[in-house]
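In the two complexes below, chain A is the common chain; its partner is chain B in one and chain C in the other.
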Partner chain A sequence: MNTKKVNKLALAVIKLIAAVVVVILAFLLGKILLSGLPHVSWHFLTTPSRSFTAGGGIGIQLFNSFYLLILTLLISFPLSLGAGIYLAEYAPKNRVTEGVRMAIEVLSSLPSVVVGLFGFLLFVVQFKMGFSIISGAIALTFFNLPLLTRNVEDSLNNVPKLQREAGLALGLSKWHTVTKIILPEALPGILTGIVLCAGRVFGEAAALIYTAGQSATNIDFSNWNPFDESSPLNLFRPAETLAVHIWKINSEGIMPDAEQISAGASAVLIVAVLIFNLSARYLGNRLYKRLTASK
Partner chain B sequence: MKAGKYDLNDTSIMNFDKQKQEIALSTHDLQVYYGNKHAFYDGNLQFERYKITALIGASGSGKSTFLRSLNRMNDDVATVTGEIMYRGIDINSKKINLYEMRKQIGMVFQRPNPFSKSIKENITFALKENGIKDKQKLDEIVEKSLRGAALWDEVKDDLNKSALALSGGQQQRLCIARAIAMGPDILLMDEPCSALDPISTLKVEETMHELKKKYTIIIVTHNMQQASRVSDYTAFFHMGHVIEYGKTKDIFTNPKIQATEDYVSGNFG
Partner chain C sequence: MDPIREKILKPSKETRQDILGKTLSYASIFLIVAVVLAIFLFVASKGIATFTENKASLVEFLTGTEWNPGANGPNGKPLVGALPMILGSFGVTFLAALFATPFAIGTALYMTELSSKRSQKFMQSVIELLVGIPSVVYGFIGLTVVVPFVRDHFGGSGYGILSGSFVLFVMVLPTITSMTVDSLRAVPKYYKSASLALGATEWQTIYRVLLRAAMPGIMTAIVFGMARAFGEALAVQMVIGNATLLPESLLSPASTLTSVLTMGIGNTVMGTVSNNALWSLALILLLMSLVFNLAVRFISRKGKM
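Up next is the complex of A and B:
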């Protein structure tokens, strides 16, 4: 065979593999959406779930998922920002920081069940925080932190060194150079990373089963006092999320319409994650253009 | 010491007459080490005020190393010993306020590195950080420094446009404008034209002729035509040593050292 033929053949094989992957993904996505979306209605999205009778919704679980997501980001973003800035801009190149990087790497490949059990033992049991939103948010922070930190570090490292020198040569301090020049230029990458992480957190179940718990207590959406037990904002109430709900229905759901609810909830979950991913791209591109092209 | 075919101790370094010429900056026994690597030896150079001094030499000969020592840009990576005297003080001393010093000794880099901000903000950013808030004053400085860098006429209607939309040559002149907006005394330039096309290069060179009325310029260049076109004095670097330092005319037409002669005539190596 001559070079040209080999090239053609290789290309054909690669294209075939890519096509297979795309077909599998499209099939899965299509199946989940087709079997789930017919069950999704405004009523489904807003009413509480029922354990024994048909006609329940996913309102509380949906709220819990978003609330937990926001809490998790509120805790993990500042931490990862600080850690990422330190690692990218200040950390000396020595064994200690190499060790820290290794630890982050290991932490990021920790199975989420393990993170969940760790959270259960430490926060739920040891610190007596019970099955609660806050336990769940802290467990998810552990799950989220390594990736977010890596993302911040990488985004900062992608800003050319010359930009830092430009700041220093103008008599700016390192801190000002980093926060006012480098960070804004790294922002598109950082935001994209956050939104992608948000999708991951949103779909996470294993880490939450034993931390945020598996029960959706009824909450009163007219009571916004976070210290009140029935308030949606209460940090210490157990909070089953959408992903946990899907897992639970499938393993022990006894309501007559369990199958439909599971399908509908899965479709909603997938759509939410899709929205996160697409908006990550859009946001990243928009911001990048705004920062670089003419205003 | 002998390395390669030239004797590195065979040097000819010009000294100025302090009665007649004003010295803007001078180095005394400057040595630079990257870890164990001795990258620059025994620098004793004086730079005359309001003149352009070119640093030439093969790649890796230590030009950038020397230049970046002058405003302490290599503090994190290199050890620099010896003195750098500026207005009677040793700015290589630990006690120096680097940030104030760098406002006096500005730098322009090998590649244009404007911030991803508007043209105007590129210039006003550092000024605002230094506490200049008055809008009218800022506008004045913007115009003055853009004129100083011969860029004003090209961008005066687009001051709010992103600096990244400019051409490479315009970006480099913006970086010059940004540097002179700080009101420096000395400008260090490290191959400022190496990433530019010939026309942009000529523009930047023209700018330099204007700039030297107000600033002392030290420029690294690997382009010998450029050195002979723009500079008053030239220092020839070889393997971390300054081999010859003198009037540009003498360096190019009547060098005292064999290595210099070989280098400027292209027989080097």
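Up next is the complex of A and C:
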């Protein structure tokens, strides 16, 4: 065979492979959305789940997912901001910093089930916090920290060095320069990263099974006192999230409509992830335009 | 002291702010490192207890095939043969990487070299979305699509290593693809121009120049995909059948380290042999993620030279 024929053949093979992948991906998305969305209704999204009979919804699980997400971000954002600032601005170039980076990389590649087990061992058992939202939020923080930290560091590093020099030349302290000049400019990148991480946290289940628990206690949405047992804001109640719910009804669910519920819940999860992705892009673009002079 | 002297010698407001900020950022990085160390310490101490406290033998743990930590074998030691799970984990990981790599490289080449800007953007966002799909959703799809498909076309119950690898294949495909795209884009444009100017065909340029130059990046992508597959728990657990037996074929029910962990931790009591044995499995997972990490470092260091 001459080279021209080989070329044509090889390019055709590449196109074929790409087509196969597109078909697989389209099938996957189509399958999830088409089999799930018909089951999604206002009733499905707001009623509590039922264990033995058909007709349950995902109301409490959906609320738990969002509540857990907000708590996780509240804990992990300040931490990762501090750590990111350290790595981008203060860290000296030496072996210690190298070790710190390595530790963060290892943390980001740990299987989420191991992070969950660690949370179970330390918070649920050792600190006697039981299966609770707060244990789950801390476990998710561990899982979330490395990614957010790297994202903050990268966004800070993308700010030109000139800005730092300008700040220092004006007599501002380093900290002042970072918080008042560098951070605002890095903000779009940081926010995009946060929203993408939020999507990941929203769908995480393995780290939560043994920390936030697998039961959704009935909560009373008219009671907003965080210290009351039945309040939705209570930090120490077990909270099954949407992703855990899908896993649970597929492995041990006995309600007759388990498959429909999982299909509906999967579709809700995918739509949520889609919204997170799109809003990350939109927010990033918009903020970038607003805070810089570019069109 | 006179007030001017005092004012000069005392740290200014800016300095105090700077010290405060520095302390805050040092504290948060310190906390992260402490968390990593604590995870290693806790899991290692629990995982090693199987061998020190419960006197199980390490060789038997790695090569034995009988997993029943609550009972003792004929030699009076607990039966902690973890080989079926270890084989299961490595099996699904390697098979998934084997299936996914050609597809990922092909797709990445199409996206960077052959497609128009518009379809490239479209595929990019689809792949981003797929990276973000939660693993339980993949597991659910595996349960409703892959398991029946394998049962009808390959035989067996449908639960097994093959189904697990299929599910992981779809899960790691977007990860490997997007990282491969990044490394192909990082190849300097003039490499390609130079090769084409020499009269090489497109394929020759791709095969002899682009792929070679992007090799370290592609290898890193594959290792990352394997690390993700190795640590994936729920999606695999849902389709693999969860039988702690040495798999006879790709179609017989098997189990992985992660699946045994997710099923078992809730059903065992803290401090018992059965529980400690599970922590030993977690320790293997931990060590393997360290190995994947080192592999990535090694590849990127070699690629730099």
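Here is the rule we go by: the second predicted complex is superposed on the first by the 271 of 295 C-alpha atoms of A that agree within 3 Å, B and C clash if a C-alpha of one lies under 4 Å from a C-alpha of the other, contacts with A are read in each partner's own complex, and residues count from 1 in each chain.
Here, contacts are C-beta pairs under 8 Å (C-beta built on N, C-alpha and C of every residue); 3 or more make two chains touch, one makes a residue touch a chain.
Computed from a predicted structure; not experimentally measured.
Of the two partner chains placed by superposition, only chain B is touched by A:A169; chain C is not.
In the superposed model, A:E259 makes contact with chain C only, not with chain B.
In the superposition on chain A, A:V6 makes contact with chain C only, not with chain B. Touch criterion met: A:K180 reaches chain B, while chain C stays clear of it.
Between chain B and chain C, more residues of chain A are touched by C. In the overlay built on the shared chain, the residue A:T149 is in contact with chain C alone; chain B does not reach it. Applying the stated touch rule to the two superposed structures, the overlap between the chain B and chain C interfaces on chain A comprises residues 171-173, 176.
Of all the residues in chain A, the ones that touch chain C in their complex are 3-4, 6-7, 10-11, 13-18, 20-22, 24-25, 28-29, 31-32, 35, 78-83, 85-87, 89-91, 99-100, 102-107, 109-115, 117-118, 120-122, 125, 142, 145-146, 149, 171-176, 178-179, 196, 199-200, 202-206, 209-210, 243-244, 246-247, 250-251, 259, 262-263, 266, 269-270, 273-274, 276-277. Of all residues in chain B, only 71, 73, 98-103, 106-107, 109, 111, 113-116, 118, 125-126, 129-130, 158, 160-162, 164-165, 175, 178-179, 182 touch chain A in the complex they form.
Across the complex, chain A is touched by residues 14-15, 17-18, 20-22, 24-29, 31-33, 35-39, 42-43, 46, 102-103, 106-107, 109-111, 113-115, 123, 125-130, 132-137, 139-141, 143-145, 170, 173-174, 177, 201-204, 206-207, 227, 230-234, 237-238, 258, 261-262, 265-266, 270, 279, 282, 285-286, 289-290, 292-293 of chain C.
Chain A makes touch with chain B in their complex at residues 160, 162-163, 165-173, 176, 180-181, 184-185, 291-295.
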